[in-house]
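Multiple structures follow.
Next, two complexes with chain A in common: one pairs it with chain B, the other with chain C.
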Partner chain A sequence: MGFLRTYNAVIVLIAINGVLAYSMYAVLIAGQLSLAQAAFASIAAYTSALLTIEAGLPFPVVVVIGVSAGAVTALVLGLPILRLRGVFLAIATLGFGEMVRIVALNLEVTGGAQGLRPIPKVVTIWQAYLALALCAWFFWRLRPTRLGLGLAALRADEVAARAMGVDTVRYKLFAFTVSGAMAGLSGVLFSHFTRFIAPGQFGFERAVDALLYAVVGGTAHWVGPFLGAGFLTFLPELQRQLGIEAGWLRPFLNGLILLGVILFVPAGLSGLGRRLGLARRPRPAASAAPARAATPTPTPGSVESVTEAVTQPTDPGVDRRPDTLVRLVGVEKDYGGVRALAEVGLDIRAGEILGLIGPNGAGKTTLVNAITGLTPVTGGSVEVLGTPIRGLPANRVNALGVGRTFQQVKLFDDLTVRENAIVGGHRVTRPTFLRRLVFLPAAARDDRDNAARADRVLARVGLLDRADAPASSLAYGDRRRLEIARALCGQPRLLVLDEPAAGMNHVEAQRLGALVGAIAAEGVTVLLIEHNVRLVMSVCTRVVVLDFGRVIADGDPDEVARHPEVLRAYLGQAAT
Partner chain B sequence: MQQVANGVFLGSIYALFAMGYTLVFGVLDLLNLAHSAVFMLGAFIGLQLVVAAGWPLWAAVLGAIAAGGLLGVLIDRVAFAPLRRRADAHFAGLISSIALAIILGAVALGVFGPNSRRFPQGTFPGGRVEFAGASLSVLQLVILVLSVALMLGLDWLVRSSRLGRAMRAVAENPRAARLLGVDVERVTLITFALSSALGAAAGTMFALAFNLIRIEMGLAIELKGLAVIIVGGMGSLPGAMLGGLVLGLAEVFSIARIGSGWRDAVAFGLLFAILLLRPQGLLGRKAVREV
Partner chain C sequence: MTAETPLLEVDGLHVAYGGIEAVRGLSLRVLRGSLVTLIGANGAGKSTTLAAISGLVRPRAGRVLLDGEDVTRWRSTRRVAAGLVQVPEGREVLATMTVEENLSLGAWHQRAHLASGLEEVFARFPVLAERRRLSAGSLSGGEQQMLAIARALLARPRVLLLDEPSMGLAPLLVDEVFKVIETIRAEGTTVLLVEQNAHRALSAADHGYVMETGEIVLEGPAAELLANTRVIEAYLGEGFDPRPE
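Showing the complex of A and B:
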């Protein structure tokens, strides 16, 4: 116990800084950068200190209020900003941090530059570590859940995450609010441990400290923030012992460490640990998949009846099986002077495999983005499954039952192959985080079921043996197939494939054609955009040709192949 | 009227500083958070050239600008170039540039010490100019003219020169620009150098105008620069000029109204209001980046 007493301050500070590190971790795992962690901590520190000094409230009550203050502040700040690109959050939070410091300097109740003292010292070593453990527990439970994987997907590729049905704005808001709450917690602990707070303690340097702890610790594993805070809180102590303590040395070292880690070890200390086999990533149901074979599996071969989607409760109950899945009327899209789509009228009927072809720049991808809600159109109307999608974000369009792949493969590279597929099932799965937080077995079962379902789809495209590999390690053709599997996991009613055969050889393309046929045979409507005309002609039931943003032909494959306009578009004027 | 003159003067320095941010953001789609460190170092280098090396003021200003250009090269090479091929280059670039800013700040602290510095007396001429009821010192007037000239020069460069055309091509689509024979690496490097040269210029001018040089001056200007580019529109050069003007005037008038303690809060107020009402900024276009 002598050790605990001698180093009591450092040991408690490690926990307090660790909590602050977790608050940064909360936003980093969503791929966001916040520089307001110190500001949230400051708001909570002042609020709680004043409540303790002036109102004499008991400490637990003060903690709750302080944490809420941090969370609410983050929520209010995040609401208008998280809709925008990530860089705006960095800027706005940087500004907010400065703003809070100025307010604390200028108000009377905060004691201005003199600060606030004395605050009763009530935080014990055990309380500090209890708080730290709570934060760690939160993230330990989070990762394998639907929410945790959704956040990881958002961080890896925001556009793809949205197309898989992840409500990215809400997810970011969640992450940011959690980060505000945890920063608040660290602020309360700090003020009730050091007995004195002043605006200077919560300035830009403190915000950078939070970043430093979280980045050095690494986001690869939930233990990271604790490692980072531990190491960096102890470092100055070590310097003191060694007697190397110039005023500029500490920031210099901090900057150097931060730069080195972000450039060369982006996974941080916890990532290093994993590389050395010290920490295993929680693998959702890696081995549980076969064990759950008792769940009603559809006939072998078809692997998973994709039409099951129709009976899912998440479906909008407007029109059970409309004949027309997508209706475009007079759709126009302008890109500052360039007309990508001009008065496109198009119906996609249930059960068909519609091929969409056209020369480069004909507007095919723009059309796909208009249907999937990624690009708002400038004119006309787009109706998907009976719902007009004007102004609807991509995740809502996905929720209607639209799955897609991308012309340039957009996988979640730092997730495993299986996790990619699980995220694809976002639309048809239930949230599990809150239940897993309290160890309800049903939630873990749900996650296992989702993994099992993902495995069945992976088996179907022939990727099951790579399920635990990171998606980034896949070869090009496998990446394309994983994208299709990911979209299929959402059990879509309409599957949009944007040039799935690009870069594939003849044999691979043929196999792809067979897969598309099999998917359609299960009742999934397919929109296939391709340059490989032979593939389109062989699998599609109807073909639409786009040229310069206009539909120039529409009919069954043979008819279209003979259409004079099509020949002209593809072969030039002379061919007519 | 005097207020307006002061506001315009202040705004011109803010704008000059913010041009550096917006140039890198507009061309390379990167936010360089080490820009504020260049501002601070520019001021110190200008001072050292006068005090320690005994250069005349005009040469010291030019020297600081040149040193700023070199710092820009350093920033690109150290903080951004290693990330070029990484999927998280944007995100990691924010962090690596913060890290480099901290390192540069620490170096400045080590070399120049924590105390604030001043130019020796008589470095610049006195005298005032009266114009339409406002009074500016000769120095202020020179700074104002120089800032505006630098900004217009940059704007002309980007709009009309061959280099500017290459920059705009890179801004539109780096991959296509490379295919068309633009040396993207070189354009990137030049963009950083130009941006930092402007940052250092703004730093020396700010130091001259207020005759106060401190390590913390970088941090203080950072928020203002970011507010300026948000107000004007991210990546828009005319927007940065307009934004600087708006911020300069807003600050001067609010100091008169609510006291100088709140002066630095004005920038955040403006920034947040614009993010709420018009996130693309006054002169910015809505993002048209596609998948």
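Showing the complex of A and C:
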């Protein structure tokens, strides 16, 4: 216990900084760069200190109020600024931090530059580590859940995450609010441990410290923030022991360490552990599906997985099963003077495999984006499954039962193949995080079921043997197959495939055609955009041709293949 | 083959990502002035092979020889300067830069030939001349592919490496791209072509290599491969009519 007494201050500060690092981690895992953590901590620190000094409230009450203050501030700030991305969000949050510092500096109640003192020192080593453990526990439980994977998807590719049904706006707000709460917790602990707070302690440097802890610790694993905070908090103590503690040395060394980490261990200290094979954890048991399905003939499991979509209504509006899944009337889309779509009228009927072909730049992808809610149209109306989708965000369109792939592959690269597929099932799965937080076995079962369903679909497209590999490691055509699997996991009623056969040879494309046929046979309507004419003509029940944003032909495949306009604008000699 | 030195030779190439060997002991030869194609399924290692040839990945073992000179340890920029130029998969044009800026980057090592080179490619691709001041990202897929090829031509390649130039293109444009490739070759540039459209690639090529799981499993004159039952089954598809068009 002698060690604990000698180094008590450093050990407690490691926990307090660790909590701040977790608050940074909360936004980083959602792909948001915020520098407002010090400001949230400062607001909570002042609020709690004043409540203790002036009102004499008991410490647990003060903690709750301080944490709430951080969370509410983050929520209110997040509502307007979370639409900003990347460096713009960082600058906005930095501005907020500066505002808070200036206010604290000039208010009377905060003691201005003199700061507040004395605040009773009530935080014990055990309380500090309890707080740290609570934060770690939160993130430990978070990752494998629907919420955790949704956040990881948001970080990897926001557009694709939305198209998979992840409500990215709410997810970002959630991350931001959690971050505010944890920063608040660290602020309360700090003020009630050091006995003194002043605006300077929560300035720009503190904000950067929080980022340093999180980055040096790494965001690859939930122990990262603790490692980063521990290392960087202990370092000055070490320097003191070694007698090298000139004023400039600490920031200089911090900078040097950050450079070193970014250059040599970009995944941070926690990533170092993984590299050495320490953090390898067992994967959720895969289902008993067969290894690699060489041909995508439907297995019993896969039939069940897709027919669920038809028999299980997800929305009262969907229950009616209209004959027309998509109705476009006079749809127009202008991109600053360039007319991508002109008066497009098109119905997609239940049960058909509709091929959409046309020259590059004819407006096919624009049409798909209009149907899936990624691009608002400038004229006309788009109705999907009976719901007009004007202004409806992509995740709501997905919830109606629309799954899609992208022409430029948009996978969640740092997630595994299986995790990509699980995120695709977002629409048809239940949240598991809160239940997992308290170790309810039902949540683990749900997560296992989701993984098993993902595995069945992966087996179907022939990717099961790569389930644990990062999605970024797949070859081009396999990436396309994974996109299809991901969309299928959402059990869509309408599946939109944007050039799925690009990068596949004819034999692979034929297999893909068989897969598309099998999917349609289970009652899923398919919209297929493709340049592989052989594929389109062999699987589609109807073909529509776009040229310069207009429909120039619409009919059964043979008719369209002979249409003189189509031969001129699109097929050329390759049709023969 | 004769004793002639191939312009490009790959000898016993091994490339691994982490623990996984993507290319396992691959050797191939591209004779001066010929058009050679490398076909194979997805994930067979074709793109990795091209990346090793152009110096974008470091092989674990094996050699790459350009005109008899060992370039295995050269950086990719030096290989480009020496005439080993790649058109990347998925076009990879610099979307926010103009067409002309993209093209001048192609002439990075050929500053002296920039003006004449631009003139040449604008004559070859009139559509690029029309759009020279537009951002490359605003071009359609076919135009972007033409731009990617034109950019490579400005580097004055001795060997042009093409990675799936027909991907994602409308049939008419596929015809056009192959016409361009055949013209480039007819003008004396040696071409190594990686393609999924095995039929088109073999129809255009002199010699072909078939790759499976990191190894060459078959090679020969393109016309023979086109008639080979194994190739037809694996890459050309059922009901494929092997007669020439």
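Assume the second predicted complex is superposed on the first by the 530 of 576 C-alpha atoms of A that agree within 3 Å, B and C clash if a C-alpha of one lies under 4 Å from a C-alpha of the other, contacts with A are read in each partner's own complex, and residues count from 1 in each chain.
Just so it is clear, contacts are C-beta pairs under 8 Å (C-beta built on N, C-alpha and C of every residue); 3 or more make two chains touch, one makes a residue touch a chain.
Keep in mind that this is a model prediction, so the values were computed, not measured.
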- Item | Simultaneous placement of chain C and chain B on chain A, clash or fit | clash
- Item | Which superposed partner A:505 touches (first chain B, second chain C, both, neither) | second
- Query: Touching A:106 in the superposition: chain B (first), chain C (second), both, neither?
  - Reply: first
- Item | Partner chain(s) touched by A:570 [first = chain B, second = chain C, both, neither] | second
- Task: Considering only the touch criterion stated at the top, classify A:476 as touching first (chain B), second (chain C), both, or neither.
- Result: second
- Task: For A:434, select first, second, both or neither according to whether it touches chain B, chain C, the two together, or no partner.
- Result: neither
- Touch check for A:360: first (chain B), second (chain C), both, or neither? second
- Note on the structure: Partner touching more residues of chain A, chain B vs chain C, is chain B
- Message: Output check: A:208 vs chain B and chain C. Expected answer is one of first, second, both, neither. What do you get?
- Response: first
- Pick one for A:252: touches chain B only (first), chain C only (second), both, or neither. first
- Message: I need the one stretch of chain B that runs into chain C once the two models are overlaid. Options are 5-13, 77-85, 131-139 or 167-175.
- Response: 167-175
- Dual-contact residues of chain A, meaning touching chain B and chain C, are 407-408
- Query: Quick one: in the complex, what on chain A touches chain C?
  - Reply: 357-361, 407-408, 473-478, 499, 502-510, 531, 533-534, 569-576
- Interface residues, chain B side, partner chain A - complex: 31, 33, 78-79, 82-83, 86-88, 90-92, 94-96, 98-103, 105-107, 109-110, 114, 219, 222-223, 226-227, 230, 234, 261-262, 264-265, 267-268, 271-272, 275-276, 279, 285, 287-288, 290-291
- Going by the contact rule at the top, pick out the chain A residues touching chain B in the complex. 31, 33, 80-81, 83-88, 90-92, 94-96, 98-99, 102-103, 105-106, 156, 159, 204, 208, 211, 215, 246-252, 254-256, 258-259, 262-263, 266, 335-336, 365, 369, 374-375, 406-408, 410, 413
- Query: Any idea which chain C residues touch chain A in the complex?
  - Reply: 17, 20, 39, 41-44, 47, 89-90, 140-143, 164, 167-175, 196-199, 233-238, 240, 245
